[in-house]
C-alpha cells in the first residue's frame, strides 16, 4: 500500500478485517507499506499492521510478495503509480478521484485494459457504493422497482473550512489537489448517481465559488491564495432523459459529512442520507394509497447486501465498513478472474463529468456535453 | 356553550368552521355563550362568534334556541351541567375528562343512557382521536393489518411547570382539578390507547410524583402546597392480553406537547407522534424483508379520514382541526339519530383507569383491577 | 374576492378567521364573491361566507361596500383585474404568481406605485412566508445569527402527474398557466429564498423538462400536447455572492408537497421542511463544539411569530394558517397606512427570476443576468 | 477468551482493533481461544485471530501467556469461570449479564474485591455505555447541564421471535438463560439508566409476559414450553427522587434493536436512540426561548468521547466500536492499576434491579425495594 494518512488507515483496517467476517477465497497478506520517510512509515506500518516498509513505491513493483498495489497517495501521483504497477503485473486498487486530469485518467484506463488481457485487475475506490443501503438502492433500481428514472438529487455537504482562519492546506491548492470540493467530494456524488441509476450523465452546466480567497499559510507565516473551489453546484442530464442536480461544498455550516441522494422514478423513489447510513428510504408507487409512504428500511437484515456477514438485525455498521466491503469484492474478483467495479473506466466516467463541470464553470455556466 | 377559555376558543373555531368544509345535514347556529361575568362573556361571544350570552348555565336549558350544550367549563362542574342538560332534552358535548370522580362519571353515563332513550345524544371530547393519522391507525388495527395486539406504549410529555417559580394555578389544586398530569393529559393517552386498540384495560399499577411541592400563589403573596401529581407513570394489561406502558408528565424539559403512541401487533405496528401530526408510521409485517420498514404515511390523501374535505395532498392540518372533525361527526350523528363516540361510557372507561392508577399509586403501586 | 376554487376557499377561511384570534384594527366584512356562473358562485358564497355575489369582476370596482379586492382567479387575468382595481381605488391582494409575464407584472407594479400615492395598498400572496418557522428563519438571518449567507438550497417537490394517464388540465397548458412547475411552485421557493436571505438573485442558469409530452384530454376524448414544464432545475447567484440551487417538480414520486429550504451562513444555518411546518432547524455556529448541533425549534412559543395568538406551546398549526397570517398583516397595514409585503415589486422580482430561468432553459442553459 | 459465538466475534474484533486506533500502554496479545469442541474452536481461532486453543477453560488459568480472561460464554457459567480466574490472578472481562442469579453475582463481586487487593482487575461488559453519544450524555449529566434528574424513560425493543414458529432456542429456556427479554436486553437499559444518571434505582414494580408459550423444538421434532418472558415492563424510583419507566421486549414488530433512553432534568434533557447511534439529542433549558430546541449533536467531533481516534467529523461508527472502546479503557486501567468500570459491583447493581422486577412480576406487580 502506498500512503498511510487518513485513507491509508481506512484501507488498512479493511485489509485486516475483510477475512474475519467474510469467506475469502484468498488470504490477504499485508506485505509492505510505502511512505516517504522511513521512520514515520515504519511506525505507521506497525500501527496499521504491515509487515515491511519501502520508501520508494517503485520497489513495490519488483517484490514477489506484492501482488496488488493499493494506491492511497494524493491524486497527482495516482496515474504514475497505477500505470507502472499494472505494467508490472500487479493488481491495482486506486483511491478516488482516479486522477487529477482527464488525460491521466484516460492513460490509466488504457493501462487497465492492457493489463486486463493478462488477468491483471484494477478498481477505483468509490467506497460509498458499498454502504449496504446504497447497494440496496442500486439493486432496487436495477430490479425496476422505481420504474424509469426521472430525477436525481445529490448533495455532499461539509463545513470544515468555514472559518476563514483555517490554514491553506494542500487540499486548497490546485496544483496538488486538482480541484476543491468538486473533485474531493463532488466525485463521490457523481459516482453514486451514475451507479445507483446505472446510467451516465451526458451534459452538465455548473458554477463554482471560492468564498474565502486567501488564507494563512500552514507555516503560520504569511497568507496565500486559495486556488480551488470551496463549492460546486451543477445540473445535468442523463442518457435516459433523467435530470439531475448536484452540490458539493465545504461551507455548509453545521453539515459535517452529509451525503444525500434521492432518485425519483416513474414507479417509486429511493432516498439515502449518510448521516443515517444504515437506512434506506423507499417509496413503492404501487402501494395502496391508504398506507403508501416512504419506508425506512433498516439495511441490517441477512437479505441485505453485506449485512449478513456482520451482526444481528438492527446492529448498525459505520463508515469504515464500506472499505471492508470494497476489499471483499476486490479479493473475490481477483480470485475469480472477474473484473471488479467500479473499474478505471468508471473512474474516468466520473472524471469526465467533473471536467465538464469545471469547463462549464469557467465558461460562465455554459452547457457542456460529455463525450466518452 | 359553557366556558370561553382555551377549550372554548377551540370549540368555537370548530363550530364556525365545520360547515365550511364538510357537508353537514344540519346548520349549526351558535346561539349562546355562557360565562360567569357578563361583560367578559359578551366580549368573548363577539370574538368567538356567539350571538347571545348568559351568565347562569341553567338558563341555557330553558331556551328554545339551544338544542345542544357544549360543556367547556372545568371538570368539577361537568356532571352537574351535563346531567341537567340531558334531562332537559339537550344534546351534550362534554370536554374531557368526563368528570373528576368515578361517581360523577357514573351518574353522567346513567343520565346519558336515560336521555338516549328519547333521542338525546351525548359525546365526550377526546379530540385527539380525530387527528386523521390516529383515526387511520384505528382503521388499520380494525382491519387486522397489525394482527393481534401485543404492546401499547403511550406517553404525553409537557414541561410547562418545570420552573419551580411557576405559580400555583387551579390546575395544580386537587379540589378543582381532581388530579394533575394524570387526569389532564394522562386521560388523553388512555383514551387513545383504548380507542386505537378497540380494547379495554383490565388492570394497572402505577406511581405518581410531585417534584415541586410548594409554589408561589398566583396572587404573588405567599406560597401554597401543590396537591396534585406532576407526573404519573403506569403499566397495564388489556383484555386481549396485550401489555401497556403509560406516562403523563409536566416535567419533561423541552417536550411541549408530545403525545406518542405505538402499538405492536403480531402482524405489524403503528406509531404516532403528535409533533408530526400529519404522519402515521406503519409497519406491515407481511412486506418482503428486503424492503420492509416503517412507512411514513402522510395522512393527507383523499382516501384518508377527514383529509379529503380540506386541502390537496401534503398540505397539513393543525391542532384545531381535531375539534372541527369532532363537531362534524357529532352533528352528523345528531341528525342521523345515531350515537356519537366517544360516548359518556367511553369517558367513564377512561375515568375508571385513572381512578385505578390513583388508587394504585396511593397503595404503593399495588396492582388494581378495573371493574366495569 | 374573485375566484372560489382552492385558493378562494383558503382565502375565505383566512378572512373568516383572522379577527377571531388576532386583534385587528378593522373588522373585515366579507361583502362579495365574484365568479363566472351565478348559481355556482351563490352556492360557493354561502359555503365560504360571502354576503353577496357578482358574475362580472368589474362590478366589484363600482361597489361602495368593496374596499379591497382579493384576486384568486388564474394567473392570466391577474394583471387586468388588479390594475383596474387599483385604479378604482381598491386595495388589492393578488395571488401568486403576480402575472404570467414580466410585462404584465411590470404594469401591475406601476399601477401599485401610482395607487400607493393615494393610499391604496397592494400585496402579493406568497403565503409560505408566513409559516411561523419561515418568518422566524427570516428574523434570525436579519439578526445576523447565521452571519454572511453563502448557500441557499431550495426544492419544491410534488408528484401529482407522475401517472401518464392524468388528464391535460389547464395547469398543463402554457396559454393559460404561463408555465408549469416553474411558475406554479418554483415561484414559491424563489420568493422564500429571496425573503429569508433578504437578498436578490442576480443571475441564473437552468433547465426544464417535460417527461410526459402528451396526455388524455379532460373530456376523455383524445389526447393533447403538454405545453409546460413538468420540472425545472436552476442554479443562481445572489447579489451578496451567495450561490443557490433550486428545483421545482411535479414528478418526485412520493413527495406530495415537500418544500425544503436551507440557508448556510458564515456563522450558522437554518433549515425548513414544510412536511414539519411547525419546526425550524437552526445551527448556531457559536455553540460550544461539544454540544453543537442543529436545534429542532418547535415554533409554537409565545415569542415566535404569530404563534402567541393561537394555542399553547406544542399545539401546531396547519397549511391554512399561513393565509390567516397574511390577512392579519394586510389588514393591519391597510389600517396603519403602511405598505404590506410582499409587494407587487417583490412579485415582479420573482417573475424576473422565473423569466430568466425560462430564457436560460430555452437557450441551452445559458447564464442569464437578471436586470431590475 | 472463552466462547466464540456472537459475543466472541465482537470481542475479538475489538481486541484486534483497539491498538490500531488508540495509543495503548500495553500491547494485547490474543493468546488462547477456549471452546468445547477442538476442531470448531481451532477454526474459530483462525478466523478470529487467536494464536492457540483450549477446550477446557481451566487450562487458561494455568497458562503464563494468559493475563486476562474474557468471558463470552453463556450466563450460567459466568460465575464459576470468573471467580476461578480472579483467584488465579487473572484480570477478568465478563460479558453481561454478570450472572443469572443475584447469589452468583454477589460471589463474583466478593471475588473481585479480594482480587483487587492484589492488583487484579475486573469489568463487566455493558458495551452500550461506550457508544460515544451515551458517554457524552453521561458527561453532560455529570456536568450538571440538565440539572436535577426527574425522569428516565428507557426501552429496548426487538422483534426476533414474533413468529410463533421461531424455534425454542436456549435463550427461551429459563434454566440456561435465567430470564428472557428482561435479563438479555433489559439489563442493558437498566445499566444505561443508572450509568447516565449516575444514580441507583431503589425500588421497582413490573410485569412480564410470554405471548407465545409453546414453540417447536430446534430439532424440528415436537414442541416445548417457553419458560422465560417475551417482554418485561417496569417502573422505578431512583435514590435522587427521579422516576423511571422501562420496557424490554422481543415482540415489537418492526423494531430490530431499538434502544432508546431519555433523561429529563430540571435544566435540560438528553435523548438517545441506538438507530441513530452517532447522534445525541440535547436540550439546554437555558437557551433563549426563541431558538431553544433539542440539538441533534453528531457525536463525531474530536472533542467527543472516543471519536477523535477514528475518522473525521461526520464519519460515523457502528455497533462493534462499542467493544473496541471497552477494550481500550480496560487495557488502560490494567496498565495504570486503576479499577475499570462498569465494575462487577455495577453488574450486581443491575442484577439486583432485574431480580426485583422478576420478584415483583411474580407477586402481581407488587413494589419491591432494592437492597444493596
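For reference, chains read A, B, C and D in written order, and residue numbers begin at 1 within each chain.
As a working rule, contacts are C-beta pairs under 8 Å (C-beta built on N, C-alpha and C of every residue); 3 or more make two chains touch, one makes a residue touch a chain.
Owing to the predicted nature of the structure, the values given are computational and were not obtained by experimental measurement.
Asker: If you average the CA coordinates per chain, which chain's centre is most distant from that of chain A?
Answerer: The chain lying farthest from chain A is B.
Asker: Check C-D against A-C and say which one is joined by more contacting C-beta pairs.
Answerer: Most contacts of the two pairs: A-C.
Asker: Counting only Cα atoms for the centres, state how far chain C is from chain D in Å.
Answerer: 53
Asker: Return the distance between the CA-based centres of chain B and chain C, expressed in whole Å.
Answerer: Spacing between the chain centres: roughly 36 Å.
Asker: Can you give the whole-Å distance between the Cα centres of chain A and chain C?
Answerer: 40
Asker: Could you tell me which residues belong to chain A and also touch two or more other chains?
Answerer: 255, 279, 292-294, 298, 301
Asker: In their complex, what parts of chain C are in touch with chain B?
Answerer: Chain C reaches chain B through residues 6, 9-10, 12-13, 16-17, 19-21, 47-49, 158, 160, 255-258, 274-279, 298, 300, 310-321.
Asker: Applying the document's contact rule, which stretches of chain A touch chain C when the two form their complex?
Answerer: 146, 150-151, 153, 155, 157, 159, 162, 205-207, 209, 211, 231, 233-235, 237, 241, 243-245, 247, 249, 251-255, 262, 264-269, 283, 285, 292-294, 364-367
Asker: Give every residue of chain D touching chain C within the complex, in rising order.
Answerer: Result: residues 136, 140, 145, 279, 282, 284, 287, 289-298, 301, 303-304 of chain D touch chain C.
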